[in-house]
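Chain IDs A, B, C and D follow the sequence of writing; residue 1 opens each chain.
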Amino acid sequence: MATEIQEIDLKTDEMIINMGPQHPATHGVLRLLLTLDGETVKHTEPVLGHLHRGQEWQGQNRTWFQYQALIDRVDYLSGMFTSWAMARACEEIDGTVVPPRAEYLRVMVSEMNRITSHLLWLGTYLIDLGAMFGFPFYPFREREKLFDLFEEIAGQRMMFNYIRIGGVVRDPKPEWLDKLKRFLDEFPDRIDEYETIVTQNPIFLKRTKDVGILTQAVAKDYGVTGPCIRSSGIPLDLRRTKPYSVYPELKFDVITFDKEGDTWDRYMARILEMRQSIEIIRQCIDKLPSGDIMGKKQMAGMRIKAGEGFSAVESPRGILGCYVISGGGEKALRFRWRNPSFCNLAILPELLKGCPLSDIMAIFGSIDVILPDVDR
Amino acid sequence: MSQGNMSTSAKPNTNPVVPEEIRDSVSISSIDFMIDALGQMLSPVLSPVANLARSNSVWPMTFGTSCCAIEMISVGMSAFDISRFGSEVFRATPRQADMIITAGTITRKMAPALITLYEQMPEPKYVIAMGACTITGGMFNDSYSVVQGVDRIIPVDVFLPGCPPRPEGILDALLKLQQKIRTENYADRRKKLYAQTSVRKVDYDTGRPLEDLIGVVQEDTNAALSSGQEAIGDVAKGISPKAEEAKTVATKPVAPKVEVAKPEVTSPEAKKVENTKDEAAEKADDKSV
Amino acid sequence: MTDEKPSEAEKPEEKKAEAAKPEAAKPADAAKPADAAKPAAPAAAAPKPAAKAPEPVIPATAGKFEQFLKEHGIPSERLPLSLTIETIAVSGDVLQSALRLLRNSSEVQLDLLLTVSGVESNDTFDSVYHLWSYSNLDELVIKVLVKKSDVPEGDLPAVPSIANFWSAANWHERETYDLMGIRYANHPYMRRILNPWDWEGYPLRRDYKQLVDSLNDKNPHSMR
Amino acid sequence: MFSNGDEIFKISRLTIVWLAGIFTIVWMVCWGLGIALPMLLTSQLGDKAALTNEILRAATPVIAILVFIPINAMFMVLIERRALALWTVRKGPNRVGPDGNFQTAADAVKLLLKEDITPTGADAVMHTFAPILFFAPSVFGAVPLLAAVTNNHPLFHVLNLPTGIFFVLAAGALPVVALVMAGWASNNKYSLVGGLRSAAQAISYEIPLVLSLITVCLMAGTLDLVKITEQQAGGILNWNLLGGGALTGLNNALAGGGAKALATSYFMGPISYVCAGLLVISLIISFWLYLTGACAEINRIPFDLPEAESELVSGYNTEYSGMKFAIFFLAEFTNLFVVSSITTVMFLGGGDNPIPPYILNNIPGIPQMVAAIRDSYFCSTLHIINPETFFATLWVIAKVYGLVIFAVLIRGTLPRFRIDQLMAFGWKRLIPLSLIVFIIVVFAREFVICHG
């Protein structure tokens, strides 16, 4: 005797919540138009452009020399990578030969920058998850130490303008390398500290495990790159799969997880990347050759030969590409950025479908989006 | 954050031309009027107390758009520690904040949000314009989408230059702001309760100032656009009208300057009238640093 | 933007621009925002530096992907633009089929669409697709060239959208529409993405003129 | 560079100064109104003052609480900020007044003088009454606790209810109505979601919370807070935390009763011992259940979903500013204090000394000190305080603020739950667990003579 269960159709209304552009969890100025059924997300529409500053327009209206000072602002958490992408694109067109010492220095500072970027991500991600009064302070402590090193070598805390077309701009002193080594010695212990607090924390596991699962098919369809896709099991790391600069001479492996990644995997991928970066910097310090650091004269009227080039680097957020068309003059004809955040953010509506309101922050934070990188 | 959530109701001195949804969305509860009279009376006694309390507990809002926001986070962290000055209580909602640090470039699309946030903050409210972008537009000075100076849309108390400013700079700006707050008069500050709105409103859908747009709506759209395009690099107009002028500017019929073929010729005259008022307003307006 | 006016005149691309727009023969003006209106007289007088600029040498043989597309009956043409990366031009009609083929065929597997960019050159609007692969090292640049002369007055250059089968292109196409004014036909949501929704003009075009109002008019502190 | 020891010293100094200040002020108010003034009136007017004295005595506790709550909240906010700073390698507020002592006073004055906004479209009456309704229960709900925490001081006899704990719980359940009101009246969707979340959360976590307290009441056999406290007197082994009196036999044996005392309490031999062990485990679980439920009840991390800052901006108080927000702020910390006090009374023996008297009285100097205090001018003549109340209050302060600091530490450590996980945790874990504990206690206490 099976009793028939009658489904009563209760009338409910969907609620539209406007999250952002000013919201503590949107990392700046993203605006999400959420259609909620209770606390379940039905539909998401991201509204971008609240930080659209016309970076590509600037590229066409600034000289090469001026613009390379500006592009640290494209992705302010990893300014070295934006500089590097532009420098590589211009060098490719121009045929500039970069001295090996400069290449090693580029790798070193970039990996340092990757660490600072991931540290900031770690802090803000835990804020997103609600641990806003304790943990986030610890990653920032180490971040400040790296910033001191950056300041010493580049003159600025965040906007380095250190990697230039043709090389790097300043040669570090030996003491700087010593300081860096000291930092590298103590930093693994700090990562252990973070992991002690976070990795196996039951609430953290509950919030991140099996949340925001990114399947390979969806990821490929949207062109997702970076730690997001590596944690989904696709070993796409430009440093290994399409090595540039001196990465072929350095020993490290691509970090992937052999399954479909959830937010916890994305967290873990970044933790492992920080450890990996330490090893890469160590190798660079050991192998650092002597010699020149600049292959092209830096001056206000600098020119790049005519032609077009595309170059990409593996930034902390994914493949950061730079498409440059030069007419041979002092300015570019067209600058086009391929920003990892912009492409990775596109999967957000896909990931948010059917998840509860609180998971928006867990998922959105795990993609690691920087809004100037999205809006330019 | 919460614009669009609140319905609006009529305010006594709002011009009917201003669309419903962008009107000031707050009202003051009636008890304030009683306090007002009392405050006038007790001002000499209250001022020192109020200033001490206000200057020592400036709660910032978590408003950050770009690079400067990261330095704003840094200043709350261990190395710089804004908590020593009692300002580590970053409130997410404008209703509970005293100060807004406009950390990062303000674009035309973001400007309406910033204006709303500013107007949602309860008096006394202070603004620190942080970074070159918010002071003049900075490196993006000539970009098509950047508001060149946040003082064009909201009144600013302290300007903090740098790109981005160091965290020590923020602490310095905070101390300057505290000094400024200590010179205030309680009764004078209370008078600003209703007047301290934004300098001008910006339309979200077109990214243009509302004062222009009202004229456009009344007159011909195309004429307005052509006038906007021809005005490139032309007459240097005065700096934005200040707080007290906001409402009158918004309501001023800007239409006449649109209907003429070369509107920027007529606009300086119209502007001049405003500018004289501006100067008076500017004198009254408080700007330190 | 320092004193580089004489050297600016030597830019080869500007000369081309002048050729396209002879009416822009105004005296030099430092405050001009776009490249479009450049001084004509000094440029005409200057020697031809374009000859000095080394033209990229392309191999005479057709590239790998050009061959591949030809085998499948899709006409394409290799462009002499880059030494390292193969750049081919296809017409708008066959764009969708070409991209479908390149993405799904097991031989090439160009399944990572990096960007869709809009480029305005002297006489064309280009929609440029950078294709990479998740599994191999191949890269390819596909260009769809729309002649300016073909674009009707008051209309936008049109290119077929690929967003319906390749989600990665969705936002890129919207952005290109927003900034460059290339309309992607049959795009599911062709709306401005970065600028405000009712924005006027396409900022990256050469003839774009900035809107100047009280938010960005000249102030005494401006560096311009 | 940063010296941790220095900072710890400063925080301890700050704590001692503040606590001494707070309780001196409050006690002087109590003494002045409840003891000194009636004594004076009686000496002057004789019998005519009887009615006045009664009224004064009745009003004393309420006035004391009203004086106590704002100062205490200021101190708790300050200590929270300083303690969080200590654990995150910072300094914390140290500019206002000596060593930042008046930081929260400045905050309070600022909030009071700030513009008070009612959003247009909001329900102005509800919007105004919500903070008051949120705050009021923490005032009158705390009243029955007074007698329990002051070792049943004569001033607070009046307020002791036979069903004290139920009154406290009933008062503690009220604020949720205020939160829903605040959320609904604000005309803001974030507020609304926050208010509804708080309703769901409070209702779910009320059950394990009440069940864990019922377990204690079952062990005690009474609902009277004073009696529950008195039962626990006599050292840590008597506390409800450790078996709710199941170890009293052991305590008596250690006190000198020997094997006879053991046999009296654990009359069934091995079964009794097993049951005593079960009771100890059950009551420790109950204690943990209560702490968890209370954390959820007062919206502390990891259960602060109603005002989840990174999700709902500020939750139910998003649209509150100035004085109304200050009241919310005040009530939040007062609730934390009340909850800690309940924990102290119900589980930690109230004002009881953890060291049993048979050890304490053998320490040279202690009994003499107590006697000296009792015979002093303050106690014997002015009746300012008697040593029992004095020491009881000291221990209560230590325990309550220890729990407060523990809550702050949790706040600085844990992330936040998700709402469905929160509900699942409440309904699927805590409620079954508390029921199981309750049933175990029902049966196990039959085989042990508790509190005897």
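The working rule: a residue touches a chain if its C-beta (ideal position, glycine included) is under 8 Å from a C-beta of that chain, and two chains touch if they have at least 3 such contacts.
None of the values given here were measured: they were computed from a predicted structure.
Common neighbours of subunit C and subunit D, listed by label, are A, B. Chain centres here are means of the Cα atoms, and by that rule the chain farthest away from subunit C is D. Separating the centre of subunit B from that of subunit C, both taken as means of CA atoms, is a distance of 39 Å. Distance between chain centres (mean CA atoms), subunit A to subunit D: 47 Å. Between subunit A and subunit B the centroid-to-centroid distance comes to 33 Å (mean Cα coordinates, whole Å). The geometric centre of subunit A is 26 Å away from that of subunit C, both derived from CA atoms.
Looking at subunit D, residues 88-90, 189-190, 309-310, 313 sit in touch with two or more other chains. Of all residues in subunit C, those touching 2 or more other chains are 33, 194-196, 203, listed in ascending order. Contact of a single residue of subunit A with at least two other chains is seen at positions 23-24, 49, 52, 54, 57, 61, 137, 141.
Contact between chains, per the stated criterion, is found for A-B, A-C, A-D, B-C, B-D. Subunit B contributes residues 1-2, 5-9, 25-29, 31-32, 46, 49-50, 52-54, 56-57, 77-78, 81, 83-86, 88-89, 91-93, 95-96, 98, 120, 122-124, 186, 193 to its touches with subunit D in the complex. On subunit D, the positions that touch subunit B within their shared complex are 81, 85, 88-96, 100, 103, 105-110, 113-122, 124, 128, 187-190, 309-310, 313-314, 317-322, 325.
Taken together, the subunit B residues at the contact with subunit A in this complex read 1, 3-5, 62-67, 69-71, 73-74, 77-79, 92, 104-105, 107, 109-110, 113-114, 117, 133, 139-140, 142-146, 163-164, 166. The part of subunit C that touches subunit A in the complex is made up of residues 1-2, 4, 7-8, 10-14, 16, 33-35, 49-50, 53-56, 81-82, 84-85, 111-115, 117, 119-121, 128, 130, 134, 137, 139, 141, 166-168, 170-171, 175, 179, 192-196, 203-204. Contacts from subunit A toward subunit D in the complex involve residues 15, 17, 23-25, 39, 126-135, 137-138, 141, 197, 201, 203-204, 206-207, 356-362.
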